[in-house]
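Read from first to last, the chains carry the letters A, B, C and D; within each, the first residue is number 1.
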Amino acid sequence: MPDMIGNVVVVGGGTAGMEAAGQLAKAGLSVTLIEKENDLGGHLKEWYHLFPDRRPGDEVLNYLKNQIIHDNIKLLTGNSVGGFQKKGNDFILNTSNGEVIKADAVLLTTGFDLFKSERKEEYGYGIYDNVISSADLEMMFREKELRLKNGEKPGKIGIVHCVGSRDEKVGNIYCSKLCCVTAVKQAIELKETLRDCKVFCFYMDMRMGGALYEEMYRDAQEKYGIGFIRGKVSEVGINISNKLIIKVEDTLAGRPLKMELDMLVLMAGMEMSAGGTKLAEAGKLKTGENRFFAPADNHLGSNQSNIKGLFYAGTCTAPMNVTETISHARGAVADIINYLKNNEK
Amino acid sequence: MYKFGFSLTKARVINYESNDRSIVDFILEREPSLNLCIECGGCSATCTTGNYTNFSLREIHILLKRGENEQVRDKIKQCMLCGKCSLVCPRGVNTRNVVFLAKQAFQKFTGHAV
Amino acid sequence: MENEGKKRIWSEYQKEIADDHYFYVRSCIRQSFFPGSEQFFLNFLRNDLGKDVFENPSHTTCTGIGYHGDIVPLSTIMTVVARHFALMKESGYKNIAISCVTSFGIYTELIETWKHFPDELEKTREYLYKATGREFDIPENMAHSSDIIYKFRNEIAARSKNLLVNKKTGEPLIVVEHIGCHYSKMFPKYGVGGAEFPRVLSGMIEAWGGEVVDYPERRHCCGFGFRQYLVQANRGYSLSNTAKKFSSMKPYKPDFVITNCPGCNMFMDKWQYTIKEMEGTTYGVDDESIPVLTYEEVAGLVLGYNPWDLGLQFHMVQSEPLLKKMGIEFDKENKYKTKDGRQMPIPQNLINA
Amino acid sequence: MQFDPFVIPFNIGLYFILIYAVTRSVIWFRELSRPDKLRLQRGFFGKAFGQSLMEIFLESLIHRKILKKNLRIGYMHMSLAFGWFLLILFGTLEVDIFGASHLNAPYKAIFFKFFNPDHGQTPFEAGYSFLMDLILAFILSGLLLAIIKRFSSKAVGMKKTTRLKTLDKVALTSLWLIFPSRLIAESLTSGAYGTGSFLTGTLGSWLASFLSANEVAYPFWWLYSLSLGTFFVLLPLTRYLHIPTELFLIFMRNSGISTGDKTGAFSEVEVHSCSSCGICIDQCQLSFSAGINNIQSAYLMKAIRNNADTYDIAHNCLLCGRCDRACPVGIELSPIRMIQRRAGESETKYTNTWKGYFRNKHSVSVQKQNTKSIYDFLPESNPDKADILYFAGCMTHLTPSIKIAMTRIMNASGLKWSFIDEKGGVCCGRPLMLAGQDKEARELINFNSQIIWKTGAHTLVTSCPICYKVFKESYYLDVEVLHHTQFIKNCIDEDLVKMNFIHKKVTYHSPCELGRNSGIYDEPREVLKHVANLETTGFEDENSLCCGGSLGNIILSQAKKRQIATDVAAELTKKNPDYLATACPLCKKTLAPVTKSRVADISEIVAEAIVLPVIKKNTERYKKPVRESAGIA
């Protein structure tokens, strides 16, 4: 296919951004990929294993990195987009390093921020040792250092679902969708690392919608004997022997339950990234009740924005797993090519 | 001891640490399929006994797992072992054996027949 | 880790506390069960710090207990509170200082209600005007009197005669802080340090050399619970909550409990007696009970006031063991004597006496 | 006086086993319950005696049943048992005819050749020794098979063979040694004296050609005697005890003694009559479908003999009764299993004493049962009067199609019936019994009996074979209990319901509880023949399979149950029928998910075939003119 004229700016060098940039470059467009951090990969680089097959996150990351080694791609790392104007059909973006980039189309892949667990004060994240977040745990897995603050092996671990999701107290009424399966995945990995530790998941609903998720859940019960207790943990404290004491209602027994734990893992939800929010304000981009970018059309235009020539991909529009993110990015590429080629502009 | 016309009430909270789970351990060792329960309540819904009394296998299962044995001991014997539950269970839990083992466990550990 | 975390939270709940010119409203329970406390508060602010604290003799109860007891309707309590604000307006004050946590809760609740439902505010203005011909403004600054003591905790530390330290061992005293539920659980932003890890009392204790313990049931209610208490048949429920709380703090061997809510203080104090009578259970070390003090009383002790002037003797659980630990002199003779030396009747079966 | 020291081991063995047999039988007789004692006495002096002798000849010697089941195994057993019998018989005659004196000590018959080495000169003698050689050859051929079986059971047409304990091994070797050693011993002797027939003679003269036969013969005679002796002495400790025990079993059974529901002399005799032939293993679906090979009846018998823990063996069984039917010794295997399931309640236990030569019985204190009613929550119920009751049963409530079909049939029959558990009934009690909890079961039985009695019905129809069996056997009601297949059969015979013939291919799965366990084979088949084309499956009647869903097995995992069901369904749908018919809701529920062809209860097929009588509309009514008065006056 003949090279196409057109420069596309991709904002955000995470999974979606890298995949889209790669595909656009292959399609012969010249791409500028802007990433605020110094190295690419976004949240994916913190991830140890991916569900459902627990394939190492690095495998996917490496694929994406190779993806963007292409002459058509210009990398601007450690650089972020402050705002942009649309002059006619052209976008003028000014970056934090004062550069001004002209683009025919813009793709926002600003991704998500992990919910700050401190905001659920009653869980004492950052106050009690051994109350950690799902991201912290992934790190521990990556570093093969699964220990309590005092260096001992945890014997009893609790996992709290829906931390910062489905919770109007923190202003997020939506479901982050991936926490349930992450919890199950991490529970299994915990059991594999520490054979004789006990793991309990405290859930409100088990939302194992994705492919092979339910199977994982079944394995967690059958092969790993992980305990699932239905109820939202209400408060966390410590007792005299400095162990965590959690209070929860076992809604299926219809009784409050008190349990002593060595470690508590909080399944932090996904929120619209700060960067994304800034851009939304700067560029008058529509956002939904969940503060993520609102696509032009939920069914037919999930990659399109309310501004012609500006597109979205990945978790800046809604919580998504890696699989969905990548296909969403490819979708965006198709939309962009269509936009540039058939000069819909 | 002085009478004030009111008294201390026992807390309803399930204290996981202090509860005794020897019964459920006995069962799980012999019938691991119990782990597969997802508390759907199908068993309780079809239960012949449950048709006449508040006997609920789902509840019994959860109470056993929490070590709330007293309540279970008095109820478990009401089961008629008819086996409808095991036919409806979506997770293939061998519910009949669970009850059967529970009865044995109580005889074994609490010494009196149920 | 723990402290950084808490500091971070506290920094998020910085509360504006007026520095002077307070309009003081009293607490039904505090003034009748441990009058020394409010006495100390006024005296300390006026004479020691030279602040201006005004009391209007014609202010009444906030009717909070009646309100939580389901016998005073919302419109009534709104009007009563409005009347207090009117009195404040008339005496030309803008900063209100509230002695009672129940009242404090009521005030915050109503002010928030008025914010969200302005027509309720209008109605209230109307009711008050019709009833009394008065008009009112919502106070610019609202502080619980414990907030004010917290504000001046370092001044107190500076003037301290005896710190919260065991004189013999030199170890800091182990203190359990109990915050009244209505202080910040309803509206965290109104409380110093928020609802989960409130700072108001722990701040004082740390400033005065004591050590605060975090125990599993720290957040638990004292057991008052208004209607649960008011009906005799339900008191077991109230009592059980207190028992739960104490049995959870027992292993930490606390030297005393400090409260900022008169209701909590009264119940944690008197229920200890009840439980001892009913079951013979005590929660202190070697069969003693744990003294439960108000922040004013503690502040008073730190500043070297006479325990009997602070009214410690009016508690059910007596503080002698604590006083001994702190090395505070006290004479048994004058314990139940009035200022002019008249002997008061001596109460029977007190604890720790 | 012919004597030689080498006969001593044989004699010791022989007399030991004789004395042992007597004492053992005396003990067993004493342990029998009084009525059973009488039965046995009557049996012994009645015509049962003849039967028993006949049976002993056919089963213990000829092993007819085994021969039917499996020719090679049968031949093996026959050659050994019957052959040895003949050998002893003719041996005794031999010594009687040709020996120095009459009425000789048994050893003379056994070692005849040794004491009469030159026997076999005259043609008559030669003829006789030819016969003896023939018998010996017969035995040896069987022995050969046995050895082969031991080392590869496939070779003799068996999938699995039983595992052995050490003592059995020793006994087995001694048994194996007996006849070869006799062969060689006799051959050598004959070789030395130029006697013997086609077997001993030829082998003898050949051996004698290169070694001095007489000297070599002597140790072999020792070996012969020794192996006989050891075998006899060890016999009581090994499974070979079944050889003598089976005789008692046959006598007892023919005198009408049966297992009952408690351990007793008879069940003891049964347990010891098991030859561990392993035929039950091949019959067991848990073995060939679910790959479970340690719980079959042979192992249960062994476990009981060794007082091992029988919990898993006893409970991990479908109680389909296939092994009962197959057992060549005719041991009532399932009843014995049920005794083991009731173990918690059974008063008698056995322990081996005297190095295991004897087992002595002693009663164990039973766990205190709480006496107060368990099912006191069941409501008082006052059912309507009816002639015929229909009891769907728990399982049928999970297969509504059967309920609907039965309602349709019942209505069509025009009989006055009532659906007794329409709004959900109480379990019949059979499942509890299968779990060995008879006391609880009895409570449910009484509850249901009351309801049935109150209706004053004369017939009780049920759709569930599980219920059927218990109604029939454990309810003391004076009502006729019918399974719906029987009921339908009656309707057809009495011409109560008209049916079309559906031109569809049907195969029939006979439910265990209805077929083998209650003996109802014909009615279902005839009903099916009446409405559709019934195809054979090769698993008819006694040989029918278990669907795997049986409530009899409380341990088996759902996965294994499914495995069994899949195999069964595959077998029964080989001719891919339109319907795989069954007569049990549980079978239906178990088979339906694992086969493509439609699984239907007989009642459903019948309901489909029913022709309802046409109701004539009275058209006259409409023609009549409306009376004035009917209008406004």
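One rule holds for everything that comes next: a contact is a pair of C-beta atoms (placed from the backbone, for glycine too) under 8 Å apart; a residue touches a chain by one contact, two chains touch by 3 or more.
Bear in mind the structure is a predicted one, so any value in this text is a computation, not a measurement.
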When you average C-alpha coordinates per chain, which one falls nearest the overall C-alpha average? Tell me, please. B
Greatest Cα-centroid separation from chain C: which chain? D
From the C-alpha centre of chain A to that of chain D, how far is it in Å? 65
Could you give the separation in Å between the centres of chain B and chain C, each centre being the mean of its C-alpha atoms? 47
Note: chain D sits from chain C at a C-alpha centroid distance in Å of 84
List the centre-to-centre spacing of chain B and chain D in whole Å, with centres computed as mean CA coordinates. 38
Expected list for chain B, residues touching two or more other chains, is none
Per the touch criterion, the pairs are A-B, A-C, B-C, B-D
Chain C residues touching chain B - in the complex, by the definition given at the top: 232-237, 239-240, 243-244, 274-275, 277-280
In the complex, the residues of chain A that touch chain C are 118, 121-122, 124-129, 149, 235, 237-240, 245, 258
Along chain B, where are the residues that touch chain C in the complex? 1-2, 4-9, 11
Chain D residues touching chain B - in the complex, by the definition given at the top: 344, 367-370, 374-375, 377-379, 394-395, 397-398, 424-427, 429, 431-432, 435, 437, 440, 444, 551, 554-559, 586, 589
Which residues, counting only chain B, touch chain D once they are in their complex? 33, 46, 48, 51-53, 77-78, 80-84, 86-89, 92, 94, 96-97, 100, 107, 112-114
